[in-house]
Structures are given as structure tokens and as C-alpha cells.
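Heads up, the next two complexes both have chain A, just with different partners, chain B and then chain C.
Presenting the complex of A and B:
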């Protein structure tokens, strides 16, 4: 009788362990897949953000710096939009030529380093892409278009 | 005697415990299967509508015409709705009473009639840049029924070319050349005819053909909201760039008027004044030196 009880308890324990192992394995796999999907989506989104009519140049894949400057005044109106898309940070950093390490605004433009377009101050996972940052400047009394190289950094909220 | 009774009890006990183990095993397995089945159904439908739901998916954001095939599971109903700041996509199995999936889409302007996949589960979906006269976003149009766009006033050939590249059989089609009696667009019948003057915003004509009046008007208001914000940004750019040698003349004033007219257009049908300002803005921008143009 005792042997029988021990045997049955052992079987129940064995099945429980198998089930537990299977659950842990499955959830780890799902988490890994979710991370990979998030990364792929994020990289695809970088290009799209640069292409938003609020930032994009007239032609080609580049950011219009003077639009970004004008956008800074309206950035509050877009906060809800970024929040809904789970974006935590949007930053544009001038990479070339090297400039003063100061935030950009109407006074410091164009000799400035970075634009903080949006910062929710939440934890994020950031991705970046390089692209031209173009603006109109004056040379010898004539308006001309000039492009620097910038890094667009977008941080996405890390799901809890 | 006692030994025989004990052996009999041992047998009954083992049968009962064995039955309990089997019962619990099947019970947990069936519970697990139910848990897995529902999300997997949701995943199937969600992956179908992914190109519509995904923020900033390529179909919606590049300023060019694109087309794709939207494939949904069989026997589903998908409804596209619109609120002040977003589109809603709701999906349910035909047999179900309630919607299993309900998603909000903030960065797209989706135009479609209710999709029913009982007869056909593949649909053409195309995106068209909305330029009034600057780029505001893209209209995502789902073609749920055959239609004729022979007289499409804007980018007809580009749209035709992109759609023809797909070459998918057995989906609702757009006829760009000849029109038969079923044609709603050229005859001004159906929903298109009820939309009034508002439809005549450039490339939103085809969007009007493939959506109902309520959805169209709500999306148009969302588009105008964004156009007002972008007009503000362009105005800001003009003010900043004017310091660097660009003479914008009266364009800042036109942009201000554009914002007022767009605001007035929301909720009413009169487009005539808005057309004038679109034209004025387009001309003023075209007359600027290339390097100074705002859009």
C-alpha cells in the first residue's frame, strides 16, 4: 500500500516538474521573440520618423533643421502623440562638423550640438540612424542650402 | 480475511487515484488548449491587420504611392472607425457577438467600408500622400468592392501603375479605363454622392469612394488638424530662414490665413475658400527660389 502511494506521489511530482519546465521554456522563448520583434519594428520606425512632414526636407531622406527649430515651439502639442506610440525619447545630434556641445535653439543655431525633440524621462531602449541635417544659411548675402551629418536617436519605452 | 479486504481496498484506491490523475491531466490540458487557442486566433487576425495597426509602418509614412495586399482570416468582420485623434480597427469572427480585437491607430488616416471576409479574405490596400499643398500624411485606402476611377483627378496613372504591379487575382478591383453600370464614382451614386463638396480635396477623392461619409469626414477633420500644426511649423521655418537671406514676402500671412480657413472647414462642407488658399500658398511657394521653398 505504502509503495503504491509513494509511486503515485512520484508520478504526480514528475508531471508537475515537466509542466513547470515546459512553462518556463515557453515564456523565455516568447520574451525573446517579443524583444526581437520590438527591435525590428523600432529600426523600421526610425526612417519613418525622419520622414514625418513635421521634420522632413523637401526632397530626399533628410531632416530640415529649421523645421525642427520651429517644431520645438510646438513640441507640447505632440507629447500625447509620442506617448501613445510608446516613444520615450527623440533626439537629433549633429555629428559633423564638430560644434559646441550645447543644446540647439534659435540663439545657438547652427553652432550647436543637439535637439531634444521629446524626452519623457522614462526608461527606454534607444536606436539611431545617420542622416543629413539640412538648413538654409547665408553666404555672401545669398541664401544657400547646407547639410551637416546628424544622428537621429529614438528611444522606445521598455515594457514593464 | 483482513488481508483480502486490504488488497481489495488497495485496488480501489489505486483506481480512484489513477482516475483523478487522468482527470486533472485532461482538465489542465483542455484549459491550456483554450488559453492558447484564443490568443492564436487573435494573433492571426492581428498579423493580418498589422500593416494598418503598426505605428509608422512603411505603407503609411513615405510620401509616395504604395500598395499591398491585406490578408485576413476567413469569416471575419473588420470595422474601421474614427475618433478625434485616432482611427479604430475592430475585428471579430462572424459568429462572435463581441469584437475580439480593438486597436487604436494614431499615425494613419484609414479609409474603408466594413470588411467582411466570408467570401473573400484578400483586399487591396494602398497609401496615397495627402498634399494640401504640403505633405500632411498618407491616406490608407482599403478597396473592399469593385469601383471605377476613370476620372480620378489626382495621380491616377501613378496609382494605376503601383496597383498593376501586384497582379493579384480574385480581389475587389479598381477599373481605371472603362466604367460599367455598377460604377459609383463616375455616376456620383452611392456614398460618394452623399459626401458633398468636402471630397474634392485632391487625392482624397478615391478615399471618399471607398469609405462611408462619417469615417471620411472624421478623417478629414483629423487631417485638417495636422495640416494646421504643420502650417504653424512652416510659418516658424519661414520666420527663422528669413534671417538667412530668404525673402518670404506675404507667405507667412498666407499660412496664417490657411490655418484659419482649415479651422473653419472642419465640420462644414464649403471647400471653395479653402481651395483658393491652397492655390495661393502653392503659387507663393513656387515663386520662391528653390533653396528657400518651404515644401
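Presenting the complex of A and C:
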């Protein structure tokens, strides 16, 4: 009888340990999945942000630099929107050709490096993709388009 | 004596059942933990495709033509200003690769690149061509007077470097 009790206790303990181990493993996995989902969302958002009418060119997949320049004045109005999407950073960086390492504004355009569209100054994990950064200029009375290569960097908030 | 032996036999069977149970749980656990996500490949694929697209749309110093037009000139044996169009494309693409690949904020560990067109007039590569590979294609559309469609391919090799 005593043997049986010891045996049962041992089994219960063993299964409790297995259950505990499994729970810890599952909770770690759920956390990892949550990070993956956030990551997937941000990656999908890269294309969505690039295609937003506030930034996109009239034709094709590219960023209209003059629209971004105009957007910088209105960026405060979009802060709640970015917060709702858990976005911590949106940056557009000209990678080619090489330009002065300065932030872009009306004075430095088009010889500038980066547009900080939004920066919440929170911790973030960033993802990026390349796209054409284009602007229209006047050349002898003709409207010409110049496209550089830029990187759109989007960072999502890392939950504390 | 016989009763004792039967009891021992029963205990042994019980013990084997428990061991079997633990083994099954272990196998399930292992199968879960070894299941690896392949989602990052999709991201790299998107990044490489976007890079190739951006490169083709880049406005060159060659009479304000887009890179895709200069590549067409190269394949047709034309010149860019006074320079051979192919030489110009080669130099520009090498500069672009040096400025972009390996400087990505997320995947700064590309090993090498290989860019070519179907006719192999253009065949540019750099770095170590080893590791995992992501392929991107771009079709340079026909224009007036130049009806042929040109297919260019970009292969990017990434992963841990063999020499690290």
C-alpha cells in the first residue's frame, strides 16, 4: 500500500514537472509568436507606407520627395495615427548617390541624406526596404523626373 | 514467490508505460521546437526585389536616362555620352551595390551579389557567392523602336560568412 502511495506521488510529481516545463515552453513560444506577428505587420506596413498617397508618386512604386517635404510640416497631425499602429520610427534615407550627411528640409533639399518622418524616441526594432525616391525639377521649361535610391526604414515599438 | 514475481512484472510494465509516455511527450516537444519559421526569407525576397526595382528606376548621369534604359543601350551596343554604355552600367551598379548591400539596417550580412542579363552582355558579381540565395527578376519593358524585352536577374547571397 505504502509502495503504491509513493509510486503515485512520484508519478504526480513527474507529470507536474512535465506540465510546468511545457507551460514555460509554450509561454516563451507565444511571446516569440507575438514578436513574429508584429514583425510581419511591420514588413507589410513598409509597402503600405510607401504606397500612402501622402508619400507615393503618381505613377509606379516610388516615394515622391516633394510630397515628403510637404508632409514634414504636417507630421504632428499624424502622431496619433502612427501611435495606433505601434510605429516608433519612419525614416527615408537616400543611399545612392552619395549626398551631404544632413537631414532634409526645404533648405537642404535635394542635396540631403534623410527625412525623419516620425520619431517617437521609444525603443524600436527596425525593418527596411529599398525604393526609388523621386522629385520633379524644371530643365529648360520641361518637367523632368530624377529618381535616387532610398531606404524606407520603419521601426515598431518593442513592448516593455 | 510466484505472487511476488507477478507483482514485480506488473510494476515493470507500469514503469515501461511511464517511460513510453515520457518519450512520446519528448518527441512532441522536440517536433515543436525544431519547427523553424521560414518567414524571414519572404522579407529578404521583398527587400531584394525592391532593391532591383529601385536600381532600375535610378536616374543616371547618362543624359538623364533611367538605369533600365542605359542597360538597354548596353545590350544594343550603344554609347553613354562618349563612354561605352556597358562600362558605365558596370561602374554604376558596382557603386550601388557597395552603397546598399551590407548596409541594410536589418540584414547587414550579405555575402555577395551577382547581376546579369539573359544575353550575358552584363555579368557583374562581387563578394562571396556562397550561402543562402535570394533571386529577383526584372523585365525591362520594350520602348518605341526597341521592341525586345530584356530580362535581368539579381542574385543575393546571404548568411554567415565562411571566413568569419
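Keep this in mind: the second predicted complex is superposed on the first by the 141 of 160 C-alpha atoms of A that agree within 3 Å, B and C clash if a C-alpha of one lies under 4 Å from a C-alpha of the other, contacts with A are read in each partner's own complex, and residues count from 1 in each chain.
What we mean here is this: a contact is a pair of C-beta atoms (placed from the backbone, for glycine too) under 8 Å apart; a residue touches a chain by one contact, two chains touch by 3 or more.
Please read these numbers as outputs of a predicted model, since none were measured by experiment.
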Simultaneous placement of chain C and chain B on chain A, clash or fit: fit
Touching partner for A:64 - first (chain B), second (chain C), both, neither: first
Which of chain B and chain C A:11 touches, first, second, both or neither: both
Partner chain(s) touched by A:106 [first = chain B, second = chain C, both, neither]: first
Chain B versus chain C as contact partner of A:54, first or second or both or neither: first
First (chain B), second (chain C), both or neither touched by A:145: both
Contacts of A:120 with chain B and chain C, given as first, second, both or neither: neither
Superposed arrangement (fit on chain A Cα atoms) - minimum chain B/chain C Cα distance in Å: 14
Intersection of chain A interface sets (partners chain B, chain C): 11, 47, 144-145
Chain C-touching residues of chain A, taken from the complex the two chains share: 7, 11, 14, 18, 22, 25, 29, 36, 39-40, 43, 46-47, 60-62, 95-96, 98, 126-132, 134, 139, 144-151, 153
Residue ranges of chain A touching chain B (in the complex, touch as defined): 1, 4, 8, 11-12, 15, 19, 41, 44-45, 47-49, 51-54, 56, 58, 64, 66-67, 69-71, 73-74, 77-78, 80-81, 84-85, 106, 109, 135-138, 141-145
Of all residues in chain B, those that touch chain A in their complex: 6, 10, 13-14, 17-18, 21, 25, 28, 54-58, 60-63, 85-86, 104, 106-107, 134-137, 229-230, 232-237, 239-241, 243-246, 289, 291-295
Chain C residues within the chain A interface of the complex: 11, 14, 18, 22, 25, 29, 32-33, 37, 39, 42-43, 46-47, 50-51, 53-55, 57-59, 64, 66, 95-96, 99-100, 103-106
